[in-house]
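The following pair of complexes shares a single chain, subunit A, combined with subunit B in the former and subunit C in the latter.
Coming up: the complex of A and B.
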């Protein structure tokens, strides 16, 4: 009896949701026209990249800051101890990873480059690079990370620092993150490159640091 | 044809989501979660949002799946140890 009641309530709820979805009013503000109208000044020709790095640059700046903060939090709660020596996996898996990793790097660079004019961009490219690192770690070719050394630290903060430097440098022109249309394209590319590197290291770091104690005997 | 594909995709999403939450074995739930993420990426592509689809496939299905599998492995090893 009770099950029947719950099922009926669920079905009524689903029906109400469907009706509400079908009767949604058209959005009050249509942002597509202004986004496409100003696209020529953003230095990129893909509207999503224009929104992420130009119109709403703040959001992306804060996003990379949040990810950096997450990695710092992970670093503070993990201790330095733990065995980082990778355990050797099956040679077939290792060979497959050796073949796949360079291809993934090529895909990541393509995604980064394609971000200017078609779907792609720093986040996707960084995630693919991080996935390559995770793959190499899982088959035992890449050791887990202890506390990162100086080059690694620079790489991890590079995206945020470059983004923030560009943002504050533009502050002299009046507003934060208002790129001059002439150099917007090259500035966006510079920020995207730094973001890709840092995102890859941060995302890979989340995995390589957290999974480090797994090999402990 | 595309309607049939969309319908199948929606049903597969609902089914894999339901199975992910209700299956008893953790490892199976994680694999179902990865499958759910990939189906979700397809759904985003069908909704003309390939950017989100790419991010979902790479981060949602790939990295999160790897982290979950790793956590599962660590839990099992810890349980096996006295």
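Coming up: the complex of A and C.
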């Protein structure tokens, strides 16, 4: 009965929303024109990167803060006990992972660099780096993480700290995150590099901290 | 019917599937997956509606990119709490209202 009710309500919801969406008027405000109009002042030529790190820098600043918070929360709910040693040891998989990991690092650097003028950027690069770490962990080459020591902690907060420092330094110009057009490109690149490092470590940490076995067998 | 509108309609269907899953499924891991499905549906609606006239708008795309990363973090947190719950109680379902 409950199942039937929920499914019916969901179907009604889909129908109503689909009808509403098909009748939707064209948007009253077209954001594409201002985005492309001001692109020359942002220091990058790809509109998505410009939105992420320039027009709506607040979003990205808060996003890296949310990620940091999530990692801290994960660290507080997992204890330090458990096995970190890798157990799967398959020579073919390990060889393939050894070949793939350096290539993934190259791809990540390319994505980071390409973000200025084509699809790419810090998030994609960080995700590829984190995926490389997860791959190495799954084939048994990289142990799971216990609670991070000082160097890792610095790497994890670097993105947020660099972003916040740049934002605060620019307060002198009157508002948070208003880059001067002359240095916007280099500042964006600096922030993106730090973000890539932190994102990779945080995303990899979310997996590698959680992947520990609960009890030693 | 443009490609973008098709994406948006698929997004609605995914969202509703996710809602049904969150309400109907008791197993916590599957409930987290259903919740992720809801999120993916919402992202698809945002991106699809923004390009229903066949020209992409970079602002919703950037917001969805931000949302995806945040949803990954939220999923990881949910999984960590589920693991802790399982380690403490040995169960993977939340107690019903009537249970003591």
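Simple rule for what comes next: the second predicted complex is superposed on the first by the 194 of 217 C-alpha atoms of A that agree within 3 Å, B and C clash if a C-alpha of one lies under 4 Å from a C-alpha of the other, contacts with A are read in each partner's own complex, and residues count from 1 in each chain.
Operating definition for what follows: a residue touches a chain if its C-beta (ideal position, glycine included) is under 8 Å from a C-beta of that chain, and two chains touch if they have at least 3 such contacts.
Remember, predicted model here, so these are calculated numbers, not experimental data.
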First (subunit B), second (subunit C), both or neither touched by A:134: first
Touched partner set for A:120, first subunit B, second subunit C, both or neither: first
Contacts of A:60 with subunit B and subunit C, given as first, second, both or neither: second
Which of subunit B and subunit C A:150 touches, first, second, both or neither: neither
Touched partner set for A:22, first subunit B, second subunit C, both or neither: second
Contacts of A:99 with subunit B and subunit C, given as first, second, both or neither: neither
Subunit B versus subunit C as contact partner of A:48, first or second or both or neither: both
Comparison of subunit B and subunit C by subunit A residues contacted: C
Which of subunit B and subunit C A:210 touches, first, second, both or neither: both
Partner chain in contact with A:172 - subunit B first, subunit C second, else both or neither: neither
Overlap of subunit C and subunit B interfaces on subunit A (superposed complexes): 48, 123, 203, 206-207, 210, 214
Subunit B-facing residues of subunit A, complex: 48, 111, 119-121, 123-124, 127-128, 130-131, 134, 138, 203, 206-207, 210-211, 213-214
Touching residues on subunit C, where the partner in the complex is subunit A: 5, 8-9, 12-13, 16-17, 19-20, 23-24, 45, 49, 52-53, 55, 57-59, 61-63, 65-66, 68-70, 72-74, 76-77, 79-81, 83-84, 87
Subunit C-facing residues of subunit A, complex: 2-3, 6-7, 10-11, 13-14, 17-18, 21-22, 24, 26, 30-32, 35, 47-48, 50-52, 55-56, 59-60, 63, 66-67, 69-71, 73-74, 77-78, 123, 199, 202-203, 206-207, 209-210, 214
Subunit A-facing residues of subunit B, complex: 50-51, 53-55, 58-59, 62-63, 66-67, 70, 73-74, 77
